[in-house]
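Chain nomenclature is as follows: A, B, C, D and E, assigned in order of appearance, with residue numbering initiated at 1 for each chain independently.
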C-alpha cells in the first residue's frame, strides 16, 4: 500500500507524485524522491524496482522478510533492513522496515508495524536545512525514529527485572520468579538480535571506510550507533543479571528447603520424645510403681510436656524453629 | 556414479559429454563444463583429477570425506566442502558436497545425501543470463541450495525447543525435559559445526580480498553469507536458551521437591499430634479419670480429630498443603 | 549554574570573564578559556553553544544526559562524557561530567555530582608549566580527578567482598550471603559500565591515531588509561569471584542440608529403636514372662536406653551426629 | 641416542653419515641432511648445535623440554616443538618432538614417545619428487605424522563420551558418571593444550607472511592446519557437551532424590494412618464398645488395611509410588 | 636503600659508583650504569630521577606502587613494572620490581620482595659477551629471573589442585574441598593478574613494532613471552578445572545426600512395619485369640523380626542400604 510519494527540491516539498513519474524525478540531479510503502505487495515492489532500478537481491530480501538487520551496499545505493519492536500486552512484536537509499531517492517499506513514520517526514519537512542534506539524512531520521522506539521496550524490560528483584529474596516466590526470569530472558534475547546486528551495520556508516552516500552524515550515524551501543550494553547487563538471578533463585529454593528440613527435624524430635515417654508408660509391666501413684498421670503429662517444651526452647535458640 | 556431465556455452547447454571429452572442452575458452558425481569411487575421482587437473590434496580430501566445511584456493581454482543436513526421523544425517571450481568448470561430488541438485541445474538452465556468469555462479547456486535446506532443519529444532518450553513449568516433566534438552543441544551443536566454518569460509568470498574467480559474484556470496549468519544467530540463541532451560529445570526440580518436603512435613506433624494423644490415653496409669467417663472415648477421638483438623487448616492457610 | 569562567594566558590566570566576553577571548590565539557549569539549564547550554560554537549533537547529548561514557571528535574539538560515581550510604550514585574541549577552551558541565573540581583548577593554577600545555591538559586533569574518585568506590566493593568471604564458610549465613553477593554484583556491574566504555574511549587518545588536540599529552592519557585498566581488571576479578562465591554458597547450603539430614536420620533411627521396644512390651499377649518380673520395668528401660545409647555412640563415631 | 643420520641429494638418499661429517654436507648447497635423535642427552644436543650452528635459546628449550607447542623463527631457520599424545591404558602420555629446520637440514629430537617416525622417512624416500622439495617438506611430513596420531586419541575420547551418555539417564549411575565426566574433561584439556598452540603456530606457515623456508609448501601446512582445526572443533564440542552433561547429571541426581522423597513421603503417610488407628484402639478408655464386639479385631484390621490400601492406590495413581 | 651502583664498559665491570657520579657515566657513550634499589624512599627516587633524567609519570608510578605489570615507552627509554610472587606459608605475597631502562643505564627498584637479584648480576658479570648487549639484555635477565620464580608458585598451585582432586570423590570431604577450591581459585586469580598483563606487555617487545632499545634482544624477550604464555595456559587450565570441580563437588554433595535419604527412607520403612505390628497387638480388643496363645508372644516377635529382616534384605538388594 502506498502511503506517500513526494518529490523534494532543495529541502522543500515539490509535489506529491504519481508512481509512474518517479523515474523522471529520480533522474533530475537537483531533485530527491521519498516514497513510503506499508505491507507492500510483490507487485508494488516490482513496480518500485522498475522505477528506482533497485537490485534484484535487495528486492527479494524485502519480499521474503524475516531478514536480520543489516545495511548492504549495492553499487552506489544502500539497502537497510531495520527491525521495529513493539510491546503488545506482555509480548514483543517484531516488524520490519526496509529502506532503499540512492543518491536522490529513499524508498521505505514497512511491514507488521503498527506505528508509522509520518512524524519523521513532518519533522524533516519543517527543517529544510537538514532535509537538504539529502537521502542519507532521511535514512538517519528513519533509523533514529526506529531506535528511539527501542527505549520504551528496554525500560519495560528493566522494570520487569526490578519487579522480579524486589521479590527475589522472599521465600515462596521461587516458582513465579524463575518463570518470569525465563520469559524475560527470552525477550532480552529477541531484542538483542534486533539491536546487535544493526549496531554492527551502523558502525560501518561512520569512522573507517564509509559508503560515499553516508559520507557527510557520519556524525549522525555515529549518534545512532551510540544509542544502539547504550541499548546493547544495558541488554548485556540485564542478561548477566538474569543469569545471576537464576542461580540465586536456585540458592533461595535450597535455603528455603533446608530451613523447612530443619523445622521438620526439630518437630520430629520433639514428638519422638513425647512418644517415647508415652511408650514407656504404655508398657504392660506388672511392677511399674509410678503407674499406681495418685498423681502419676498428671505428673507424667507434666514431664512429657516439660521435656518437649525444653526441646522446643533449645531448637528455638539454635534457630531451627 | 556420474549423474551429469554437460558443456555450456554462453549460458546455454551445448551437449552431454562423455567423460573422456571433458579435458577438450575445458580447454576451450568460451566453454564451461559442469559435472555432477554421486558417492564417487576413488577411480572416478582419479579420472576427474586427470581430466580437470585437480590438485592432489583437494582430491585426497574429497576421497577421505569427513572434512570440515571450507573453501580453499589452489592456484586459480577453488575447492569447497559443504555439509548437507537432513532430518531422518528424529536424527540429523550429515552428507557432504565437494565442489571443485575452475575458470570454466564445476565438478560437484555428493556423498551420503539423499536429495540431489537437479533442480539447481534445471533452474540455472532456464536463466541463461545468470548461468552466463560462469562457474562461480554455479558454485553460488549449489551453496544456496544446500543452505536453503538448513532452514527446515533449523525450524524443526526451534519447534522442538518450543515444545519443551511449553511443558517446562509443569511439575513432573523434569526427567523428560532434561533428556530432550540434552538431545536438542547435541543437534544444535552438530548444526553449528556445519554452519559456522562455512559462514567463515563464505565470508572470504565477498568484501576484502576475494579470489579472482568469485570477484563478479560477490553480492551473491554475501547473500549466502547473510543466510548463514542468520542461521548461526538463531543457533546461538537456541543454545543460550537451552543452557538457561537446563538451569531452570534444575530449579523446578528443587522447587517441586521442596513442596513435596513441605507436604511431608505437614502430614508428619498432623499424625504426630494424633499419635501423641493416642499415646497419652494408652498409658497404663491407674488414676486417669477421663478414661472412666462415659463419653470419654468419643470425646477423645473428637479432640484428636479436632486438633488434627485445626493443624490441617493452619498448614493449608500457610500454603504447605 | 555557572561556577567559574576564567581566561588563561601562558598558563597563568588572566581574568574572570563575564559570559558574553567568552567568544572574544576564544578567538585570541594565545589565550585559553576554562568554564565550569553545574547542573546546567538548557538555556545556559544554548548560550555556551553560541559562545563556543559547539556542535548541535554534542549539546543535545549533554542536555539529555544518561549517555554512556565516550569521547567524540567533532571536527577539531572533542566532546567527552565521563561518569562520576559516589557511595552514598550503601548505594552507588552516578553523576555525569560533560567536557567540551577545543583548541583554546574547555567547558565542563557537571550534573548530579556532589563533589566539585575546584581542587583541579587550583592545582592547575599552581603549576603554570603544566597548564601551559593547554586545553588537553585540562581535560586530562579533569578525567584524572574523576578516575581517582573511582578508587575509594572500588575499595569499598572489595571490602564488601572480603566481608562476605569471611563468613562464607560459616553455616547458617547462606541467606544473608547470597543476598549480599547479589547486591554486590549489581554494584560491580554499574561500575563496569562506567569504567569500561571510558577506558575504550581514552585508549584512542594515545598510541595509534590520536586526535591532534591530544597529541602532546598522550603520555598523560596513557596514564589515565592505565588506571582505568587496573580498575577494570579488579572489577573483572571481583565479578569472577562473586560467580564462584554464588556457586560455593549453593554448595554450602547443600552441605549444611545434608548434615541436617544425617542428624535427622540418626535421631529418627534412635527413637525408632526406642519406640520399637516400647511397642513390644506394650503388646497385650497373655504370656509375656518378662512383664511379671519384679525388676522387669527398670531392666526394660535399661535395655532401651542402652540400645539407644549404643546407637548414639555409633552415629557419633561415623560423624552423623 | 642417534637413530638416523642421512644425507639426501635431489630427493634420493646419498649416504648414512657419521656425526662429524654433518657440517660438511650441510654446507653443500645441493645436499640436505636429515638427522633423528631419540631422548637426546645434553651432550648430543651440544654436538648437534655445533654441527648445525643451532641457536642457543632453541637448544636450551629442547634440553629443558616441557615446552608449549610452537614454531619459532631464528634467522632463516625454524624451531618447532610438537607434542605427541599416546593412550597408555586409560591415561594420556605426552611426548615431545623438537624439530630444527634449516635450508638444507632437518634435525628431529624425540622424547618420551614410544612410536618412532621411521615410517615417515621410508615413505619420503619412496617419493623422491616430494622429498626434493627439501627440509620444509620433511617438517610437514613429521607434523602430519604426529597430527595423524591425534585422531585415534580423539576417537577414544569421543567413544568414552558416548559410553557415558548411554548411561546418563539411567538412575543410580550418577556417581560413576560424574567421576568419568571429570576424568574425561581433564583429558580433553590436556589434548587441547597440545592442539591449540600448535594450530596457532601452523597457521603462520600459510596465508599471510610466511617464513621463506616454508613458502613453497604452504598448501601442505594449510592441510595440517585444517586437520588441527577439525580436532580443535571436536574438542570444543566434547568440552561443551561435558559441561552440559555435568549439569544434566546434577539434575538427574535431584530428580532421583525427589522421587525417593515422594516414595518416602507416601509410605510414611500410609504407615502413619495405620499407626493412628492402632493408637485409637490401644487407648484405655473404659467405654469403647467396639472393643467388646466379637469380630471387632478382624474388622479393625480390615479397616486399617483398607484405609492403607486405598491410600496406596491414591499414591500409585498420582505417580508417587 | 641502595644495593648496587656499578658502571660497566664493554661488558666488564668498571667501578662501583657513588650516586652523584651516575650522571657523568650515563653521558659517556661507551659506558653503561646498572643501579639496584631496595624499598626506595621518595628521596632516593627523586635523586635517581635527577641523575638519570627519568620521566615524572614513571617515577610517580614507582613511588605509588600497586601498579599493574606493564612496559611503557617514554621517549627512548622504557619503564617496566613487574610483579614478584612468593609463597609465604599458604599465602601468596606480591612484590614489585620497577625497572627504568635507557640506552646506557638500568635502574631497578625492588619493593616487598624478600629475594634479591644479586644472582642475576653475578651471572651477567660472568658472561661479558652477553652483558655487552647492553641495558636491554639486563632488562631481559631481570625479567627472566622474576618469571622463573613464578614456576615454583605455579607448581604449588598444581599440587594443591591434585591434592584436592585425590579426595574429590570421597564422600564426606565436600566441605573441606569446596573451601580449598575457593582459596585455590583466589590464588590462581592473583597469579593471573600478575602474569596476564606482563605477557601482553612483553609481547610488544618482539615481533611487530619493537622499541628501538629492545630491537636486538627480541629473541630473548620472545623466550620470556613464551614462558609467560605457558604459565598463563596452565593457569587457564587450573581455573577451568576448578570451575568443573566446584560443579562436581555440588553433584557429590547431592549424590551423598540422596544416598543418605535412601537409607533414611529404608530404615523408616522397616521400623514402621515393626511398629505397625506392635500397634496391632497392643490394641485392646477383647477377642484377639492370638493374644491368649501360649507361644503367641515369641511368635509375634518372630513375625515382626522376620518381616523387618525380609524388608532389610529387599532394601539391601536394591542398593538402598
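Rule of thumb we're sticking to: a residue touches a chain if its C-beta (ideal position, glycine included) is under 8 Å from a C-beta of that chain, and two chains touch if they have at least 3 such contacts.
Note that the coordinates shown come from a computational prediction; the quantities given were computed from them, not determined experimentally.
Hopping across touching chains, the smallest step count from subunit A to subunit E is 2. Under the touch definition stated at the top, subunit A and subunit B share no contacting partner at all.
Taken over every residue number at the interface, the positions common to subunit D and subunit E amount to under half, indicating a different-residue contact.
Matching the C-alpha atoms of subunit B with those of subunit E calls for a turn of 145 degrees, to the nearest 5.
Note: centroid distance subunit B to subunit C, computed from Cα atoms, is 40 Å.
For the pair subunit C and subunit E, the distance between mean C-alpha positions equals 25 Å. Shown for subunit A are the residues that touch two or more other chains, namely 247, 250, 254, 257, 261, 264, 268, 275, 279, 282-284, 288.
The touch graph of the protein chains shown is a ring with every node of degree two.
Starting at subunit B and stepping first to subunit D, the touching chains follow one another round the ring as B, D, E, C, A.
By the touch criterion stated above, subunit A contacts subunit C in their complex at residues 168-169, 219-220, 222-223, 226, 229-230, 233, 237, 240-241, 244-245, 247-248, 250-252, 254-255, 257-258, 261-262, 264-265, 268-269, 272-273, 275-276, 279-280, 282-288, 319. The touching residues of subunit A, when paired with subunit B in their complex, are 55, 57, 61, 67-68, 70, 72, 74, 172, 174-175, 178-179, 181-182, 185-186, 189, 193, 197, 243, 246-247, 249-250, 253-254, 256-257, 260-261, 263-264, 267-268, 271, 274-275, 277-279, 281-284, 288, 290-297, 300-301, 304.
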